[in-house]
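Paired with subunit B in one complex and with subunit C in the other, subunit A is shared by the two complexes that follow.
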Partner chain A sequence: MSSRPSIPSDNQGNDAVLTVPASLDHLRLVTNFVAQIASRAGFAPEQVHRIELAVDEACANIILHAYAGQAGGKITTRVHVQPGHRLVITFIDTGKTFDPDEVPQHDPHVDLDNLKVGGLGIFLMRQAMDDVRYEFNVAGSRPDEPATFNRLTLVKHL
Partner chain B sequence: MEMLEIEVQSLKKVDIVKLKGRIDSANVAEFEGAINALQQQGRHCLVLDMAELNYMSSAGLRVMVSALKAARNKSGNVVVAAPTTNMVDTLKLVGFHTLFPHYDDVLKAVDSF
Partner chain C sequence: MNALLTITSERADDSPITLLQLAGRLDASTVGQLEHALADAHAAGVRAAVIDLSRLTYVSSSGLRVLLSERSAIRKRGGDLFLCALSLSVREVFDMVGFSAIFSLFDSVEVGMEAASILTKTR
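After this line comes the complex of A and B, so read on.
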């Protein structure tokens, strides 16, 4: 058994996993999937809404940017519940990498004239979750994983 | 599956854009199309009625910003009426509650013009 680096989940067998084609037609399937698990895990409706927002932004970015102009891409969403503690959501894609630090930072206090709308999605995701972590070119270590992939991890505490 | 319904009511000066359902990347083109159509006709005093809008991702927020910039350039405005709890939360998360005037109900929003 090879050990998996840096994944916050310690019980892969109980994770809920959904793989969908990377298209906007499947966006709501992924957000509903995660929202239902979050509700059952005991998150209040306003927190479920924030989780849904973060999942939406994460997937939309993968579909529109990581796989931009590339057909046949897939997104695998894995949801891990640590009962009474936290929800860990990971997204795996094999699209283009990017430098999150290069994405323009949204400033919520800026006036209209100076407001740039770039980076709004990532900003929303970071505001909505307790932890957001990007990893690129991760080497797959299991038979069901691609040889290399990108992984985005979102964490929300109960 | 929850969809988006848009209903426009045109008063003498103000247009009320009633949004029902949810706006995300998958259907934002409908929202953008409706707003662009109004602004291309020179209609720049817009009330976004959010009483039945349960959800908006950054895709919709970007359309709101573009609409606000276009409206202010023409001495108009884009205001929010009766936002749901979810919408208040989303607007606050990105700081838009200070950017967009918001009113408890549509009448007050219309009267603001």
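After this line comes the complex of A and C, so read on.
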């Protein structure tokens, strides 16, 4: 396992998976789903809040930007617990790709009245989690995966 | 009505001050309710919006964005936003993004109302 820094794809059997329509009505369902698993995995309430925030931002970005109102989109959330070690959350969507580096970076120390609102969600995700990784146009390798998809991975250490 | 977020609004007749009480969660799915409440306040000529956040348990970037743009809009009209009694989890998010240094934050609604009253009398 230590030789595989990415999601241990050979260990899917223990993962919790939830697929929902990409609509804001389902945002709370996904955050609840991950928060409950994080609590059971031993994260303190303030850490669960941070995880919930990152999941919220990740899903809201997929719904509002990747699918941008396009009907029929889905988000698959997979949660992998490595007991006593870390929580790995992946989100899969088939919406539009984007370059995270092109999103204006939020800087909490800028001149207050010139503060731009862009990039707040990604900033919060990076603040709340230990690792945030975007992959685009990933080729599906399993029957339950789309032919190509986008994958966002969030990691939080216990 | 969306049960995730409830907003109650109080304003004395013709007062330039409105008090909004938020309870629940302010995220991408509920933020439209706050935008509506603030638009109503604009239409009524409000210059000071006192927002009681003591029962707001959660805020995400969607809520932060609306608060930031509202702050900018109301200040252009010579007014301000007065955010009161932030819960610990909301305060943590404000601290993370640097908003605690930007916004006028008050420990209680009473103190926020007092500050709003001073502002509307002096401008």
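The rule is short, and it goes like this: the second predicted complex is superposed on the first by the 149 of 158 C-alpha atoms of A that agree within 3 Å, B and C clash if a C-alpha of one lies under 4 Å from a C-alpha of the other, contacts with A are read in each partner's own complex, and residues count from 1 in each chain.
Definition applied: a contact is a pair of C-beta atoms (placed from the backbone, for glycine too) under 8 Å apart; a residue touches a chain by one contact, two chains touch by 3 or more.
As the structure is a computational prediction, the values presented were derived from the model and not from experiment.
Partners subunit B and subunit C, brought together by superposition on subunit A, clash. In the superposition on chain A, contact is made by A:Ala60 with both subunit B and subunit C. Of the two partner chains, both subunit B and subunit C are touched by A:Leu27.
Looking at the shared chain after the overlay, A:Pro108 reaches both subunit B and subunit C. In the superposition on chain A, contact of A:Val132 is made with neither subunit B nor subunit C. In the superposition on chain A, no contact is made by A:Ile37 with either subunit B or subunit C. Taken together, the two structures place residues 24-25, 27-28, 46, 49, 52-53, 56-57, 60, 63-64, 106-110, 112, 115, 117, 120-121, 123-124, 127-128 of subunit A in contact with subunit B in one case and with subunit C in the other. Residues of subunit A that touch subunit C in their complex: 24-25, 27-28, 46, 49, 52-53, 56-57, 60, 63-64, 106-110, 112-113, 115, 117, 120-121, 123-124, 127-128. Residues 1-2, 24-26, 55, 57-59, 61-62, 65-66, 68-69, 72, 85-86, 89-90, 93-95, 98-99 of subunit B are the ones that touch subunit A when the two sit in their complex.
On the subunit C side of its complex with subunit A, the touching residues are 4, 25, 27-29, 58, 60-62, 64-65, 68-69, 72, 89, 92-93, 96-98, 101-102. Remark: subunit A residues 24-25, 27-28, 31, 46, 49-50, 52-53, 56-57, 60, 63-64, 106-110, 112, 115, 117, 120-121, 123-124, 127-128 touch subunit B in the complex.
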